[in-house]
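Each of the two complexes below includes subunit A, the first together with subunit B, the second together with subunit C.
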Partner chain A sequence: MCNAHTHNYDVLILGGGPAGIAAASAAAAPHTSVAIVDENPTLGGQIWRNSFAADVSDPAAHWYQRIQHSPITRLHDLRVFHAPSPGTLQAEAGNGLHTLHYKKLILATGARERFLPFPGWTLPNIMGAGALQNMVKSGLPITGKRIVIAGSGPLLIVVAAYLKKHHARVICICEQAPLRQLLPFAKGVITNTEKLSQALQYRLQLLTVPYRAGWWPAIARGQSQLETITVTDGARRYIIPCDYLACGFHLVPNIELPSLLGCSQSNGFVKVDTTQQTSIPGIYAAGEITGIGGLEKSILEGTIAGYSATGQSTAAQQLSAARSKSLRFASAMQRAFALRPELRRLPAPSTLVCRCEDVPHSHLVSHSSWRSAKLHTRCGMGSCQGRVCGTATEFLYGWPSESVRPPILPVRLQTLAQAEDPASQELSTAI
Partner chain B sequence: MTPAYDAIILGAGIVGAACAMELAQAGMRVAIVEPGVIGGGATGAGMGHIVVMDDSPAQLALTHHSQQLWDALAPKLPAAVEYETTGTIWVATHSREMEEVARKQALYTAHGIPVRTLDTAALLREEPNLRPGLAGGLLVPSDAVLYPPSAADYLLQHALQSGATIIPHAATHAAEGKVRLDSGGTIAALRIINALGASAASITPGLPVHPRKGHLVITDRAPGFARRQLVELGYVRSAGSGTTDCVAFNVQPRKTGQVLIGSSRQYNAISNSIDYDILQRMLQQARAYIPALDHLSVIRTWTGFRAATPDKLPLIGPHHADPTLYLATGHEGLGITTALATGRLLRAILTGTNPFIPIEPYLPARSFTPQPENAHA
Partner chain C sequence: MPETLTLTVNGQQLQVPSGATVAVALNILGQPCRTSVSGQPRGPLCAMGICYECRVTINGIANRLACQVLCTPGMEVQTIV
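== the complex of A and B ==
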């Protein structure tokens, strides 16, 4: 039995979030084969995953309709782990290895939350802000629960609004960025009319939730799970009893696949030109991986990438003014939520930095590079391969992360071996 | 003017570290020149199997002695070294390989190495994940597994405690008692020891040492999946092959519960990137012995370069032309195992004391007889 599956497309889109969906919609045309690949069971990405097609009033519904009525192949549950040669990706699914050939590739792999270690951060009931939101979407009962939201980024506000709507008691939002750093950005948001309404909407929903800029989590305590979180502004400290801490320090792009493909980067993001093309001709990038900028930027860039990849350059050019504006927004956001240096001093000597391999801060400080630390402490050697601790160690110790190599996600050995049924295999020792 | 050092060791892989420890403990003033991470060369890429091998009497003598040194050191090793006396099972696929089991059994017994012959059923009792129907194997219980970079670091720390110094630069030239550094400086010593592993010939031209590439694959934790290091005997296949690329079944349980899978050998491969053909052949070979490997999750793959010599024995001792230059390289796939014995031998040579095993087979001035391949990592 051979369980290899081969696919050929004119345009392959990697990532089924807003950027990927918009790209697929723009690229869809009668004589062009377009496919969109995502590792999850449904499209939608971080923001629409649980609502895609579920609710007609949701903005996602518009995009769902477009995808639904276009000749786009949707490939779910497919984890891309390797780019063996130009024009080819390899992915793993429940039924084995899939080989995907493309003429044009659009990368829209999105972002994940950044986690920073502080004493107690590994206690149960402390999780990413987006992660807690997703758990509630999947049925976690939250009514009446006391929740502190801390870290950085606009996602904290989005999640606070969501949790309130689901009757949680959101005690406060602690945003590490100081108010003076946030203000220029907030002004920028207000001058943008669409975003103004968004911001107002959140303000209304949040009316009773204090937003503390310049505060951050310092110590989490609890016996078997979280009981209190101590927050600080550097001078004062408050101990807040709570049931959950939703905590993430803004987002970091999922850069593994673009790195593997050799796309040039700057400041950790994929570099693109005005057509969203990367440094590699025929490979485009859109959404959070080119700069954290939220939903509108993702949709816009996805659309441009979809047009560009299919030669619709006039349509792409018409969006260039909007594109410039969204880039300004993204860089203002980057500045607004820049991490404060005090966060580097959060971990105590015994605080775990690498959760997979239980490596504490004290074992890491003496090393001079990620490679040295990795080789001698096993930091980043576990199943996450540094996807979590790598972003923390980069910030804490200033170590640039190392080069990416396949598999970029864990894969079954059988898949990596491009396996045939072992029973039919002859031992190579047997004559 | 007397040089500042009695010995400058080039390279802080496990071999350089072991030499540094021995020479520093012998009272010499030692400097170690290493620009990178301690154990960041082949040492950080290797499997860390401490294994007694018998491709030649000299290989048996060196590996056996070194294995005993590791065994004696084991109680003192910190947890980070992950030392575990897992033993090795040499797996025989069919009856012809059982003849090799019998030969090995007699030889090891004659050298006082405890071994146990396993039949088909006993093999499966030892390692239930092996494919049914294999002929049997030879269990060598005293072999072990460790984590090489931490072991190298342990040895190096002992060298430093005995007064050795680290010089964090690369050597660009080393001869006649002088080592030039990439920083521009020159340091002098009575003796220079080239312990540069696979790059030894880049500093000492003309050495019969060539890089030999190997691939490894590690899985996510799967505690109890295997208990012993499992290696194919590969006798029939190995008898003929000379310099062609080859793969062998070699599976190791790590103390973390992970499974480390080898092994491959390639000449003329310079790039450290993964060669998928070889990787896949290697995995096919492994799953032909252990079909259940299919379901384990692979988290990382990498490569490393062994320092190969024509007769598969290391070069330990004086250089033929430069009286200040000594070599400690060419350990191929056994440098983790034989590092401790190498350090001891070099110390005996430099201090003029009695070596515990005959040194002649390892002296760089020997004449080389090419040896057939084996199946080890």
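== the complex of A and C ==
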């Protein structure tokens, strides 16, 4: 075994987004070794990506300061791919295998966008809404580009405002949820002063951008990249010429590692008690993986998890009322942005559902489970390991997701060979 | 003006703002990242390391995720065609 790195911590936090950062801050204490591990080059997760530490006026700066001045080990560029035995995780970095031992584990792996297939959705310049925002944050010039934003969820509005601020021509936002489904959620926002002021700010920034509730993308066309997107409300259709389609259907939790660890789930999210502990004693979960609820919920749950994992139960309990409120907000949001059944009928027979292996809808509809589809069509067998098509097939065909097997991410053969345990040795020879 | 750096994409020199990812560089050029198994051009979908649509060869190493790698001066990027 060469190039293997071993680390030991009292509290290990997986995920360097707001939930993980808040957990680390709460857990930090003089005689407790705390580490936070993330696959990205910097901490910050999805929302604070690239802004963490960069801009002091950003709300992220407060948390950056707290992390900076606490005895917390930050492990960047480390992708956790396996949990070979209780108390141990394995991760891959540029320099090979890292073995992480922990007494308490806080899972804060966040969420990703849900992508759903429709004719033409594989054309270049169609990407997630958060994805296009990430590209612009990473230097993509967007001035004057014509952009349609479609799909579902509050992220569409956040991204529209961001792109507009960067001088893009945002043509419209198409939210698949009908207005009557959104109204109860909007009323909830109005009774929450902080959320209302956020909503009003977005409204002001987006005054000239139409928000069409009950509209969704139907067909994308283009030669080598996107040229037009057809949007529909089920009765009417408009063809809109554009340079980018920013399209994501709300968020789905990154549940692979909690699943591998055996944490119980409910409705696809990690189940936790009021202390954020999962069904496995000593393993906690916080943020989007326990329910999509946005920044405040992630920070709150991360803080509770950090306190609970280090025995600060009074401090954790003091946050219980705020926790209940944020859970109510998260479930209202889940109801508001529930997917409409018409989206199941979007793929044409030739529309690819699995983008890694190019498996069309027509090859999949006749199967009764993902296992059968995998065996016969290679759907879900490509590099993304079903992260994109798995959420789509669950919605389109009602196939429940399958049990997760290690490695949960593609890793290099050398890394697997370095892994000591027999299971990983088997894997390295099997691939 | 933001600082820029120069890299090579499929033999062509390109200036990008420093801090740009390889996926951004390719998108500025209007080039796809890879060709799918049935021959379709593909670009980034998730921009967060989930979908693997942005696989390219960087400095001779295949299958790097363009959305996760920052451009560096003199870097050589080859798209899979």
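The criterion applied here is as follows: the second predicted complex is superposed on the first by the 417 of 431 C-alpha atoms of A that agree within 3 Å, B and C clash if a C-alpha of one lies under 4 Å from a C-alpha of the other, contacts with A are read in each partner's own complex, and residues count from 1 in each chain.
Definition applied: a residue touches a chain if its C-beta (ideal position, glycine included) is under 8 Å from a C-beta of that chain, and two chains touch if they have at least 3 such contacts.
Because the structure is a prediction, the values reported are computed rather than measured.
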item: Subunit B versus subunit C as contact partner of A:394, first or second or both or neither; value: neither
item: Contacts of A:227 with subunit B and subunit C, given as first, second, both or neither; value: neither
item: Contacts of A:369 with subunit B and subunit C, given as first, second, both or neither; value: first
item: Partner chain in contact with A:10 - subunit B first, subunit C second, else both or neither; value: neither
item: First, second, both or neither for A:383, with subunit B first and subunit C second; value: both
item: Which superposed partner A:407 touches (first subunit B, second subunit C, both, neither); value: first
item: Which superposed partner A:418 touches (first subunit B, second subunit C, both, neither); value: first
item: Subunit B versus subunit C as contact partner of A:84, first or second or both or neither; value: first
item: Overlapping contact positions on subunit A, where the subunit C interface meets the subunit B interface; value: 357, 382-383, 410
item: Complex contact set, residues of subunit B against subunit A; value: 37-40, 44, 80, 93-94, 97, 131, 149-150, 153, 217, 219-221, 232-234, 236-237, 247, 256, 261, 273-274, 276, 279-281, 283-285, 287-289, 291, 293-302
item: Interfacial residue positions of subunit A with respect to subunit C in the complex; value: 39-41, 46, 50, 112-113, 115, 122-128, 130-132, 134-135, 138-141, 224-225, 352, 355-358, 382-384, 387-388, 410
item: Touch list for subunit A against partner subunit B, complex; value: 84, 357, 369, 371-372, 375-378, 381-383, 385, 405-407, 410-414, 416-419, 422-423, 425-431
item: List of subunit C residues in touch with subunit A within their complex; value: 16-17, 19-21, 23-24, 27-28, 30, 32, 36-38, 40-53, 55, 63, 67-68, 70
